[in-house]
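A, B, C, D, E and F are the chain letters, set down in written order, and residue numbers restart from 1 in every chain.
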Amino acid sequence: MTESKQAPISAAGNSLKMLQAMVGIGIICALMIVLTFQGTAPIIKVKKAEALEKAIFKVLPGIDKTQTFQLGPNDSFAALEGEGQEGKVAYAGYSPNGELVGVAVEASGQGYADIIRILYGYDPEKQQVVGFYVLESKETPGLGDKIEKDAAFLANFSGLEVSLADDQSTLKNKPVTVKHGTKENPWEIDAITGATISSRAIGDIMGASTEHWAPLIHKNKEAFGLKANENTQK
Amino acid sequence: MLNRTLNISTSPHIVKGLGTDDIMQNVVWALLPVAIFAVYSFGISALMVLVATTAACVLTEHFLCRFSKKESTISDWSAAITGLLLGLTLPPNFPVWMAFVGGVIAIALGKFIFGGLGYNVFNPALVGRAVLQAAFPVAITTWYPAFLEGRFSAVSSSTFTVPFMEPTVDAITGATPLSAFKFDQVITPASDLALGLITGSTGETCALLILLGGIYLAARKMMNWRIPVAILATVYVLSGILHLIDTQAYPPPLFMLFSGGLMLGAVFMATDMVASPITPLGVVIYGFIIGLLVVVIRIWGGLPEGVMYAILLANAISPHIDNWIQPRVYGTSKTAKAS
Amino acid sequence: MKEESLWYIFINASLINNFVLAYFLGICPFLGVSGKMETATKMGGAVTFVMLISSMCAFAIHALLVAINATFLQLISFIVVIASTVQLVEMFIKKMSPALFRALGIFLPLITTNCAILAVALFQTNKGYGFIESLVYALGAGAGFTLALVLMAGLREQLEFADVPGIVKGTALTLLVAGILSLSFMGFAGLGS
Amino acid sequence: MTILIALAALGGLTLLLAAMLILANKKLYVYEDPRIDVVEDMLPHANCGACGHPGCRPFAEALVSGKALPGKCTVSSDEGRVKIAEYLGIALGAEEKRVARLACAGGINVALNRARYQGIQSCQAAALVSGGGKGCFWGCLGHGDCEVACDFDAITMNPFSLPVVDVDKCTACGDCVVACPKDLFSLQPASHRLWVNCKNLEAGDEILEECQVGCTACGKCAMDAPGGLITMINNLPVVNYSENHNTQVPIQRCPTGAIVWLDDEEGVVKGKEAKKIVRKGERGMGYS
Amino acid sequence: MGLFNFRKSTFKHGVHPPEHKEDTNGLPIRQFPFAPLIILPMSQHIGAPSQIVVREGQEVARGQLLAKAGGYVSVPLHAPISGTIRKIANVPTISGKMSVGIYLEAFPASSQEVMEGTPIDVETATAGEILQGIQDAGIVGLGGAAFPTHVKLKVPEGKTCDVLMINGIECEPYLTTDHRVMLEQAEDIFTGIKYLLKATGAERAIIGIEANKQDAADHLENSIPAGAPVSVQVVPVKYPQGSEKMLITSLLGREVPSGGLPIDVNVVVVNVATTAEIGRLLPHGRGIQERVVTITGPGVKKKGNYLIPIGTPLRYVLDQVGVDEQISEVYMGGPMMGVAVSNLDISIVKGTSGIVVFAEKDVKRPEKVYPCIKCGACVDACPISLNPSKLGILAKFEAYDEMAEAFHLMDCFECGSCSYVCPSHIPLVQYFRLSKSIVRKRNASKQSS
Amino acid sequence: MSNPIQDKGNTGFWGSLKDSPSTDEFIKGLWRDNPVFVQVLGMCPTLAVSNTAINALAMGLATAFVLLMSNILVSSLRNFIPKQVRIASYILIIATFVTMTDYIIQAISIDLHKALGAFISLIVVNCLILSRAEAFASKNTIGKSVLDALGMGIGFTFALFCLGAVRELLGNGSLFGVPFFPDNFQEWIVMILPAGGFFTLAIWLIIFNATKAKKATT
């Protein structure tokens, strides 16, 4: 109590002590962080890759191998090791016999509460979306988040028609969400009752993304397939 | 006779005689036609919902008063109003157990915690409904068409759902005019809206009866007519302007006025005296805010209907309005305001 | 990734995902200083101000850390830099404008370790916002915080003169009202989409 | 490499921070006597204001700066006051304990009501309505404003709607003095035991119709009291406390018991000739 | 002048309580018998009490000075009857406090002749002389406030009075005193106006009358002496039209500043009965001895407008007119602002404009007080645009300082409109009266410390 | 930070009951001075991640870990740190442990890390930790600080669990992800929404208030 009565400012030694203490603690902290980081970084990397792989396996049924491609200049794809640039990456998936099953693409858009990030698989042969997985969403639990779990809704994406128009640069029919129970065409997505907004958001995201990606993937169908062949040769 | 003990009290020694319980009772009378029409158009399912909410509110009020060792206040009729209003905002096929839960929440959370009648800062019925909407979003947006055959002989399959269990949904469900517009760009004709030939919550379908009730209350000075007028005028003008800008994207103003819970909300909910501002100007501002929010949420928001949220938000703002808008006291300068 | 419009970023941070009512950020000051209108507005202003500053700091630090490949130091640098910057600002204001200091200054130390401030820094980095977007995000978060605080203050001022039952009085009542406000704010969901 | 970068970065950062703090410390240090906190902690935190300061902290400041003495705090225990005095090394400055005394004995068992008061149940409110319903214009209205005003639970209303002061709990804060619209409370040194328990300014036995324990201004106490201890002023006896007032003589012949002896053990002691009040119920209204 | 008579302007808000004036407004003023013993408190007016100049046992003649003014804001008191001073002692008053007073035992009625004093000639007297004359006559506001009239009439240095307003509104239900005075004493009123115009220096006088007293308005209009700068204006019926501030706003559109007086907007307002009294007393130099009182209410048998000597005990008055067996409440003044009497031993004083008696069955006091539901009826009723709802809640939670600082509590003049309309039956006026007294107390202690 | 704690030491009812001071350090945090229910500290994580029991538990444990470690370090360095830089140093130390925890959780389970989101990082600004460091660890021995941290940490975890369990049970019909009710149980979705967090905590506080009031009257 009484020690603070002395003005704690004057002594230069005090300043030095403060400096020492702060820097000392800073260095200890830095050491601890770095050690933890270096200890955990590899594990985290592996786990992250696993998680992504798992997602790709989900949207491209029947594959056992994936390969990351990055969209380069001139709309061409190049195989890539490690992380690619966001928004310009596609993941090709191959069947055990090395055939290209499809390409997984990430897409995102405005949902009911916040941005929804999804991953979907596109089969350039069938010109169909073959799988769908929600990477991240903050949709209302129990309602909007049915887009992740609702079996009937997910069934929409195991064969959603995304066929190209004749000029190969646009879609014949953009995928779109329709009211529950009124799905008539193969490019329509049947909405979830009570979660119309989130369902529609998925339709919008899907529509916008396929419109962009489907022609690109088609154009580079060979590039994906070729890469796979190289892989199998190795 | 001059040796009797006199009574003394402060002036004034006479009162106008209109009591708070009279006002409340009259609100109930004004609501009854609306409720009767609801039962007529939706059948006994609607009756079950109304009975459940009203009973829940009155019982909760009674038991909470007992619990806090106060005299029961159910005789002031305010709990009955809350219950009736809550019931009128729910879908006719709403499970009775959920309606009951809603009534309990409306009184406990919307009124009791603030100290009962006179202190609730939000409209209790809307608090109850907001919680229900958040808790059971599917059940509260599953609608049931009006004037079905056999509506007086059988209840809908969801009405008597086992408590705490999920309701089974009927095959026949309808879409409210607002969701029909929001999701399918279908505009219901205004005459259907006014006469209540539409799908919707039990009490929101017949705009004409609601208006009549409102006019009755306003004429007897038991309701502040400025509030509904301000709300409806704001909605009409704003949506009218939007409709003029783009007839395709924005619905016609009359459709906006008569669809959804706007009428019921404007006439019976927003006018909750306790949760609305007190000065004439403040009341108009309050009405404007509700109208604005209704238009914004309906047209640009994710939800088809926003009257409930608009009123709750305006309730939250009303203490501020009362702070800013004080009547200019006689003899004080026109610029000086009460701080 | 689809670009978000600045307008949407603002609406999202202030109304749809209100920091207090949807993310529970800054609850401590929210409970603490929402009792009086006057302090609430001042606190809101001060928080918004600090959010803007820390948003700028965070943007710079993040860029720097990415450059030297030490993103694992992100958290510790954020907190240290924000804390010291706020302190600097405090001293600066004290020197330059005593009036402003009296209005805002007393709140500044309280704000330093407010989770909402740190959250702005972390979220904008996670979302990968650019500089302008970060600023708008911080502004929106601050506006939302102020809005929640001011609404709450108005209600609490009114509830001060209410027969609130004894067991509900205090924090519990504030939380319940916050819950109802949070429900009301759900009406904003989907705006701007 | 990462380690080095991290060390350098954090080291630099902390260096910066430390430098800034040191600077701030030098520029902005405001000295406040730490003893104020200590003394404030020793005070009862009642913030009653009986010491003449707005609260305990200002009183602590005054104590530390030597502008006040611990004895002023009537709420503290004796030990507490001694402790503060020892801590600060100053004199105790003991004050004689004072307590609030009520100058009315007209409970509902002895006093009549003139009219039935209806309205807010508070003395201050009732006093504004024709002075309240009480028969005696000076008497206690019995709605208990003082009980509410007392922060120390020292005042309770007895079954006859008269406030009773708990001398041990009373801190002489004066809140009841302010609260009483009839000005019946006053702060008296606890040693003042000879007490005039009435404020009725009228004289004569007519008073007894309104209140059986009122002072009729007969003046017997003044006659009996030794050497000018009591004088009759405005139809009421007034005790001159500067004289030796430690005597029970004046109360003995009082016919109504309006002048009393306040005893620690026995409570209110009335004189031998004072009429005994046996009624336990309400005396009621003046008229049927 | 008459050009603007069609302008039936009025003040904001206000209420319309049932009038009940038909019981007595057709009954001419009658002399009331002299009581055997009258009781005269020295504080019949606002201000310092009068100082007694007689002693016990002394015989006094009717009109003789009993007490002189106790200061500037005070008036003298004259003997209302001839008789003997029986006792000088504490007497009960309406406020509930005891006040020094005189018990005067009457001589038999035959000897009741009035003493003449020094007349004041309106033509020759100066303003100051008239004011002195008014004080010497012991005249106070007879409308109920009992504020010494000469103080009110004194135009302060630096201010001018351009309009003299004669208040014949009488907005209180039941009361018909002023109504009868206007019908029966028009001549005195115009004489009084002459004195008042001179005393205040005003250019013109306006007599304000509520529309429910059209006969009085017509009568006065017809009796205006030729060339007198007097006009009669009829205003719509609305309570509290009779309040000075409201009347000024209604007739002139001027607004008296908060905390200010009518003279701040160059107006002096005098009650019509007071004016008549001035017109009757000053030419003879007499003091005031009696006044017109409406005795009415459902509990009274012989209702009427009576000329009653000051100091007549209430018990005697009620005995004479006869009251209901189940008498329950007696008000001095009207039911809106009048004071409930706790004790019939108090007497008629200069400010007593009416006695309203309610029997038990007539009192409709609601049993139950509900919480404020913020319906806004009080806000719509308050003539000075306060927010009684908020004030009431603040008072309930004892936030007196906030009431005074932020919500203009001290401007409330307790007209009772808010309590009258409140559906929750909250005793708002009582809250405000209590709060005002506490705020005054606090301010006083603040100033002294 | 905004809520400096007044250490009540060994006085009071519980203090007199427990004669060993060290058990008291431990017990008080569990119930009498429960950081959430009594002191109302650390609200952000309490409400934000208590939508399921598992999240709540994980968050509670993470916080308890940081609290424990920083209490140890602060307590052991208490004579080394000058008074003027103590807050800054505490923040540094806490931030360090939070960063470490962040990485460790990521290494254990990416999903859990995703569920807890940024709230792990936000442990840094949890007023509970800083206030314990400031009010207790900086003045007491390592042993006492460890006990204090354990008590407070477990109390915090317990409170979070109370909230999380209620919210998950009603909002999701399950506990720790295991369904608890029959299949067609109607979930009260409001409970896992933000509003539900406010309501649940308020109800717990009311329960605490009520028991306290009852204790006071008996």
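We adopt the following convention: a contact is a pair of C-beta atoms (placed from the backbone, for glycine too) under 8 Å apart; a residue touches a chain by one contact, two chains touch by 3 or more.
A quick note: this is a predicted structure, and the numbers were derived from the prediction, not measured.
Novice: Using mean Cα positions as chain centres, tell me which chain lies farthest from subunit B.
Specialist: Following the centroid criterion, the farthest chain would be D.
Novice: How far is the middle of subunit A from the middle of subunit D, if each middle is the mean of its Cα atoms, in Å?
Specialist: 75
Novice: Roughly how many whole angstrom separate the Cα centroids of subunit B and subunit C?
Specialist: Roughly 33 Å, centre to centre.
Novice: Any idea how many Å lie between the Cα centroids of subunit C and subunit F?
Specialist: Taking the average C-alpha coordinate of subunit C and of subunit F, the gap between them is 22 Å.
Novice: Please work out the Cα centroid separation of subunit B and subunit E, and write it as a whole number of Å.
Specialist: Each chain reduced to its C-alpha mean, subunit B and subunit E end up 49 Å apart.
Novice: Would you pick out the residues of subunit E that each touch at least 2 other chains?
Specialist: Each of 339-343, 365, 371, 427, 430, 433 in subunit E touches at least two other chains.
Novice: Could you list the positions in subunit F whose residues touch two or more of the other chains?
Specialist: In subunit F, 84-85, 88, 92, 95-96, 99, 103, 189-190, 193, 195-196, 199 touch at least two other chains.
Novice: Two or more other chains in contact with one residue: find those residues in subunit B.
Specialist: Correct list: 4, 6-10, 109, 115-116, 119, 131, 134, 137, 302-303.
Novice: Could you please write down every pair of chains that are in touch?
Specialist: So, checking each combination of chains, I get A-B, A-C, A-D, A-F, B-C, B-D, B-E, B-F, C-D, C-E, C-F, D-E, D-F as the touching pairs.
Novice: Which stretch or stretches of subunit F touch subunit D in the complex?
Specialist: Against subunit D, subunit F makes touches at 84-85, 88, 92.
Novice: Subunit B touches which residues of subunit C in the complex?
Specialist: Listed in rising order, the residues of subunit C that touch subunit B are 37, 150-151, 154-155, 157-159, 162-165, 168, 173, 176-177, 180-181, 183-193.
Novice: Where on subunit B does subunit F make contact in their complex?
Specialist: Checking each residue of subunit B against subunit F gives 98, 109, 131, 134-137, 139, 161, 164-167.
Novice: Under the definition above, what is the set of subunit E residues touching subunit C in their complex?
Specialist: Going by the criterion above, the answer is residues 371, 393-394, 396-397, 399.
Novice: List the residues on subunit D that touch subunit B in their complex, please.
Specialist: 113-119, 125, 128-130, 133, 285-288
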